[in-house]
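By letter and in written order, the chains are A, B, C, D, E, F, G and H; residue numbering begins at 1 in each of them.
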Amino acid sequence: MSSLTSYLLVSALIFSIGLAGALTRRSAILVLIGIELMLNAANLNFIAFWRYGPNPQALTGVMFAIFSIGIAAAEAAVGLGIVLAVYRHSKTTELDQMNSMKG
Amino acid sequence: MHSAIQQADQIFVALQHRVAGYLPVKFQSIADVILSVIAIVLVFAFLFAVTTVLERKGLGRIQNRYGPNRVGPAGFFQPLADGVKSLTKEDLVPRAADQAVHFMAPVLLVIAAFLAYAVLPVGRNMVLADLNAGVLFFFAVGTLVELAVFMAGWSSRNKYSLLGAMRAIAQMISYEVPLVLASIVVIMAAGSLSTVSIVNMQTGYSGIWPHWFVLTPWGFAGFNLFMIAATAESNRSPFDLPEGESEIIAGYYIEYSGFKFALFFLGEYLGMFATSGLAITLFLGGWAAPFSFLTWIPSYLWFFAKLLLMIAIFIWIRGTLPRLRMDQLMNFAWQFMLPMTLINVFAAGVWHFMPGGVIRWLVCAVLLIVPAVLLSRGLKQGKKFEARTYRFAE
Amino acid sequence: MDEQLKTELRKQGIVATTLQELYNWGRKNSLWPLNFGLACCAIEMIAASMARYDMARFGAEVFRPSPRQADLMIVAGTVTKKMAPQVVRLYNQMAEPKYVISMGACAISGGPFKQGYNVLKGIDRYIPVDVYIPGCPPRPEALIDALMALQKLIDHQPLTGADRPRHLRADAPSEFIVPGFGAHDLEPSQNPEVWNAPLVNISLAGTDDAGKH
Amino acid sequence: MTATFLILAAITIAGTVAAMAMRNLVHCVLALTLGFAGLAALYLQLGAQFVGLTQVLVYVGAVAILAVFVIMMTQKPAQTTESIFSSFWLTGSLIAALVFAVLGWAIYSSRLTSAIVSPHVEAAVRPIGDALMHRFVLPLEIMGLLLTAALIGAVVVAIQEKRGSA
Amino acid sequence: MTNSPYFPVLVLLAAGVGFAIAPLALAWIWAWKFSPRKPGPSKNAIYECGLESAGDAWIQFHPGYYLYAIIFLVFDVEAVFLLPFAVAFTGLTFAAGMAMLVFLLLLVEGLVWAYQKQVLVWS
Amino acid sequence: MIAATEPIRILPKSRADGGEGQFLEVSMGPQHPSTHGVFRMDVVLDGERIVKLKPVFGYLHRNHEKIAEHETYLGSMPYTDRLDYFCSLTNNWAYALAVEKLAGIQVPERAEYIRIITAELTRFQNHAALIGFLTQDMGASGTPLMYAFRERETILDLFESLTGARMMCNYMRFGGCRVDLPAGWLDHAKKFVATLPRFLDEFERLLASNEILMARTQGVGVLSKELAVNAGVTGPVLRASGVNYDVRKVDKYGIYDRFAFKIPMGEHGDTYDRYMVRLLEMRESLNILNQALKDIPEGPIVDPKTRIRGFKPKPGEAYGRIEAPKGELGFYLVSDGTSNPYRYRVRPPSLMNLTVLEQLCIGRNVADVVVILGSIDIVMGEVDR
Amino acid sequence: MFGEGILKGLAETARNFLGSYVSKKRLTTVQYPEERLPQIEAYRNFPFLVYDGEDWQQGLRCVSCFICEKECPPKCIFIEKSTDKKPDAVGKPQFYPTVFNIDVSVCMSCQICVEVCPFDAIKMDTDFELSTDNRFSGLLWDKKHLAKSNEHYHKIHPTEAAVVDAQLAAERAKVAAKAKAAAEAKPAAAPATPPPVPAATEK
Amino acid sequence: MTLENIKSEVEAKVPGCALEIVANPSPSGQHSLRIDPAHAVAIAAFMRDAEHLRFDYCSNVTGIDWPGKEISEKVKVKKLVDGVEQEVEEVRKSQTVGHLEVVYHLYSMEKKHGPVILRMRTEDRAEKVHLPSLTSVWQSADFQEREIFDLYGVVFDGHPDLRRILMWDGFKDHPMRKDYVEPDDYEYEPTAHDEVLERARQHRTVMGAQ
């Protein structure tokens, strides 16, 4: 197994963990965190491909990762802000209950 | 450079290589690293011990008294006694506390504090790791402190400690941005994030005057802003709100006893040394001598002399000023520090694109002073304070 | 540490002695008081830490506001019945080893106010006291004197053996009953574990037959 | 496939798993920071210093703190004893497992194994800066716009109630 | 591994861990050998000025802090973009400088907006 | 048995509109670094803002009044020292004044001068120490406090050489003072008083124009004139709110009408005014001191008719009050013709000034509370008696 | 307004810091156990009983009149009267205390006992280094502990002691003169009934 | 402005109120005005607001306990002694009903005069201990009335927050009353006197008996 493969596997694993978390946890905060994890897994991919890719001098992967971090941060800010707003409204951060309170 | 001087300058480096040289080649580089790590840990731990006495004695002198002077020669064994006491003191963890996190917080704090020293050049060729993103590394490690403080305050499950932790985080995040932005001017001039090359940029002299960044308008402003932010980051007076004794008792470490408490002290002081060290590295020429005719004094001595000076200033300020209030602190960060640092970055850019000479100085100074005055006016108006005159009744 | 004791300790083996010496030296020179004052005596306690008297010379100026980090509780002032539970709780919440100096007449016995219905007649009814300083208020020098007396006391404490101090014993209690507020008085009104006043005291013994007044 | 890599990968995965599985939300975030730190170390190991340190700065220093704040602000006075997983946890985990299987299979069977291993490279900060200011100027400006929008948006969302009640 | 620039950092990390843990271990040994720990119900209760602590500290906190965290996050990211710019600054053209200025101004606009909305006024 | 804490639930767990976070209920004190003794405030916090504040005291209730009712008139004198333990001499004076009113005793002139000298010295050291404590509460690591105590120690030396004790002077007697000034005391005092302006200048340089101090105190804890009067606030706190009321001027007790001195007045009624009014009052005290030390006549120090033992005033009652450093200190005595007072009541200025604490603190920050409390200047010995 | 106040404050502390190395005014600490403040003459801490002459038991001036016991506000004096009499400082036969206890753990150093004592028998001591680790045996002082010589009194309060001595001497002279006069008037009636115990004079 | 003037003025302004001047024989000459509880608040408000009185400052509020006294008087009664009607002197004992008294010292900050002393009394010391609170007129009465409630047991109707102030909440007694007996803690009294001696001795026998 080459290095790249192993990085990609780790990345896939993190992605799946994040996905599993996002899909199974009740807490909206953890769902958001799961999504962050998935983004991070993608970042790992970017970096790994940059490192083991054909043209590391171009820095494309790195640049993508940087921008991705920025976007993830923005997403976290807005996402958590929404969680807070929803919490105010429905007094819960649990997704199930949010659903049930929709009506 | 004279070879004898050079030898004195490099004596520790040589010593290190000598010791490592006894080992097989394979281990030499590892031994090198381990030796420097041990040196760093011991030197700064020692500095911590000395600083605690110096602070207590210095505060004493400011307050017309002696301070500790009985334990050992002139009281200098005081930290030793405190250390022995702390080691043998019972370790109390509140029942309701989150035990694991409670334990990890001081440890993490000390680790974070120590990690910062990896990129501090304490002398010529004396840096543990010359990372090419050294400054960034420093800031990244600094964020761990926030985490540690939060862990301490939260896990204690004490109302005061929680208040202290929230205060601490709010304060640290508010001053972190100005801290980074204040150092950006230096990075712009040095064109590197490596602390070593930043110092190297400042080792030259024009006449007898050094090329320190603090001697430019933006550098001077940057230095002041950086120091203010650094004071806030290391929770020193007048920004010591998170442990504001008179309000929230002892802040986030209220429930810590024994050596864990000592670790908080250690971490805090180490953090203070580290930020001071970074300020020295960025603005005060690191280990460079202040005048060209003083270069014969070994570089590491210069570094530590500057560090001690910074510590003295910290102690002096602590002995004089009352502390700010939370809202004032936050408003100061966001309404003064942040805009000023941004303007400073702009000023540094202008400086760069202008030809040298007096004009450049003037423009830059105006660019900085006018907003500073305006902003502090704004701050004042928000709070409306002024000196008053009083009338007397018969 | 006086010579006689030293030689005696030497018999137990150098290691224990040096360790013990180090231990005692460390804790006696780093007595951090709890930042806590009750009444007038507390002002003299503050005065003792101020420039004129400067308790800091002994390394004892680090007034810790949290009992977790303090070694020494200076009960300086009148302990009222309303305050007593808090004092006891603070004492309980201090980490071992902990010492108590009872400063001033009030803290020792209720002092001038001992006739008061809300005044506790001495904090040693609930917690063990190491050093008493009489006076109302004791001079700051007297507090420093007591501090040195306490240091001497600590210096004589063996690390091992039967007469090792309370905090080194596994079976000795480290916290005491916090009295509760009753309808007329604290309950219990003293802690017999700590408080053992001589039952027959001199003056009463004399009066039984003298029949004066 | 060095020992360093294995250790770091293990730390990262342990951290992420813990973050997703622990009961106490604050513990989750603390575990998450461990995962982030592990990832950062992986980046460093790959030679992407800047990205690695940025990761620490942004994720550990800011996102985690933000998450902690939100947790503190939405904390329930009493710890609930009910399940921390949602009602469709089974489906969720099945989907996740499926995704992992597909991804793993894809990675394993693709030709990536034969990718050329270039000599040791480092993403120094200066070329990143150059790239940022030239090739990536447009994304940079868009980033600025996005951040501003996020700032305003997040603040509006977060304070709406405050002004509503005022 | 040893030639990675981060190897010394790793060693320092280990030393830091050691430096923090070692005294705690020592303290633990001391406690085990000589001075037994004596936890108790009142001793290990939460400290609150000498009173019994009433109510939990882990409550839902005031959201005033949150806004600062958001703005901090955004400006943190901004600083991250500024850093490579600053490093490359000496070699950059005026146009690049302008580009960065635009980027900064965008964010400053956000900041100004926040001022106007009184978000950054601590209540 | 009732649980040892008094659970005073002052508010529901969270606000009615259910909006922004829960309230945190904290008790500050009785052991707290800046409650000036065993004072406790049950505060409800919204973040760091005070929503509700209830002062709780009685932790130093030493039953002074009850004890005094079992004590002879003279026997209560040393107890008055322990009321406001910073200002034993003014307490002595207030009590002596009340008894003198009750029994109709005259005080010789020299004794009046001595009383004024000691009272003004007391006022000076009280204010200096208070400002020290106030800045300590603001987090100034004790430096101003140390300077204040440096001067205070010298004043205490004067007290000690006159009365024999640093704090618990027990000096005044009905109809005069206990002992005459020892030889050389006046010169010593004159010399010392001459150095005090320099100390005040130093103090002012250290603090008065400090921006942080101004920012921390101006506009904090504004006490309106009307509230101050209605709540019975007295002393510097009242005058900082702009009410011209000083018992020294109003009652002209002792021989205060012979001295030229002015009363500094505040306008805003905030913490800064309270702080500055005290600073200025210290200068006025020096004025009085200078005049008194110059003019003090020779003569007896105690009314020769007064008896130390067997003192039994006629039945009746009297209320005597003076301007103590903290405000109006009054003693209300009811005599039934025996050697013990039938009713003995202290009107403590600190307690009255505390009445407004809650109103001053609501809506402010936690950090403001300690500053406001510090500026009110309470001493628990007096509040709880 | 832009930090001058802060700078002024900093200058002030710097002045004190540097001054502490040159001037005693700026370093006011008296290093207590070695250095001591000059003893202030008026200082009082706890009472002691004065005795004249060598023998503390014979020379005690106290006549056990219970006045101080009654007047002591916290009631921390306890006296028992003797059944026999011995001559007092003036030479009159008087009772003496068989028990004289002061509980210094209660005493508030108020000096009222001294003020009310008509016999100048009780005075205030200046010793304050009294810390003890046993309250019961250490702080209840009996007659033996309390008795201090007149020389001691002279040492700690010279001015006051001189006045007291003069007063006593005058009184003694008066008594002696009276006795002499009585002896001259009634030479036959050898030592008459002892002069009556003077009523506690008001001071 | 004498007390008589004030009295008549108040009587004119507050209809139905009963005032009484209580003379003070001591040299202080501070006479006082007893007011009836029913009109107390109105009287107080008038005193505070009246243009030329302006007693805006209530300095001292305090309670006094007057326990019921046993009065024994000698009365000559005619009685049948041994069948003969004789005039015999007999001691007749009667118990007066005690009361609690509350005293207010008023000054005027505006006009700088005073003091005027108001007093009110309860009907007895057991049940009818209610008096109106003057806190609504002068806030300075707040803590002092609470203190009187705590130490004397006077219940102030209309007080905003009538809780114990100095003693703890579970405390049952009113310690400033003359007949209060303090709890027993006389185990160690080396210099006991009088009643203390008695109690210390008692304590010792009890302890010794154990």
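Going forward, a contact is a pair of C-beta atoms (placed from the backbone, for glycine too) under 8 Å apart; a residue touches a chain by one contact, two chains touch by 3 or more.
Predicted model only: the values in this text are computed from it and were never measured.
A.B. asks: If each step moves to a chain the current one touches, what is the fewest number of steps from chain C to chain F?
C.D. replies: Shortest path length, in steps: 1.
A.B. asks: With contacts defined as at the top, give the pair, A-E or B-F, that has more of them.
C.D. replies: Of the two interfaces, A-E and B-F, more C-beta pairs touch across B-F.
A.B. asks: Return the distance between the CA-based centres of chain A and chain C, expressed in whole Å.
C.D. replies: The separation of the two C-alpha centroids amounts to 59 Å.
A.B. asks: Determine the centre-to-centre distance between chain D and chain H, using the mean Cα coordinates as centres, and give it in whole Å.
C.D. replies: 74
A.B. asks: Where the CA atoms of chain C average out and where those of chain D average out, how many Å apart are those spots?
C.D. replies: From the centre of chain C to the centre of chain D is 55 Å.
A.B. asks: Any idea how many Å lie between the Cα centroids of chain D and chain E?
C.D. replies: Chain centroid spacing, chain D to chain E, equals 17 Å.
A.B. asks: Of all the residues in chain C, which ones touch at least 2 other chains?
C.D. replies: 35, 50-52, 54, 57, 65-66, 68, 82, 86, 89-90, 93, 96-97, 112-113, 115-118, 136, 139, 167, 178, 181-183, 197-198, 201-203, 207
A.B. asks: Going by the contact rule already set, what residues in chain D reach two or more other chains?
C.D. replies: Counting only residues that touch two or more other chains, chain D contributes 49-50, 54, 57-58, 61-63, 65-66, 69-70, 72-74, 77, 125-128, 132, 143, 147, 150-151, 154-155, 158, 161-162.
A.B. asks: Among the residues of chain H, which ones contact at least 2 other chains?
C.D. replies: 166-170, 175, 188, 190-193, 196
A.B. asks: Chain H touches which residues of chain G in the complex?
C.D. replies: 69, 75-78, 101-103, 106, 136, 140
A.B. asks: Could you pull out which chain E residues touch chain B in their complex?
C.D. replies: 2-3, 5-9, 11-13, 15-17, 19-21, 23-24, 26-28, 30-31, 34-35, 37-39, 41, 43-49, 53, 56-58, 61, 65, 68-69, 71-72, 75-76, 79, 82-83, 86-91, 94, 97, 101, 104, 108, 111, 115, 120-123
A.B. asks: Applying the document's contact rule, which stretches of chain C touch chain F when the two form their complex?
C.D. replies: 34-40, 42-44, 46-47, 50-52, 63, 65, 77-78, 80, 82-83, 85-86, 89-90, 106, 112-113, 115-119, 136-137, 139, 178-183, 187
A.B. asks: Along chain B, where are the residues that touch chain G in the complex?
C.D. replies: Those residues of chain B that touch chain G are 58, 61-66, 316-317, 319-321, 373, 376, 380, 386-387.
A.B. asks: Taking the touch rule as given, give the residues of chain C at its contact with chain H in the complex, in rising order.
C.D. replies: By the definition above, chain C touches chain H via 82, 115-118, 121, 181-185, 189-190, 195, 197-204, 207-208, 213.
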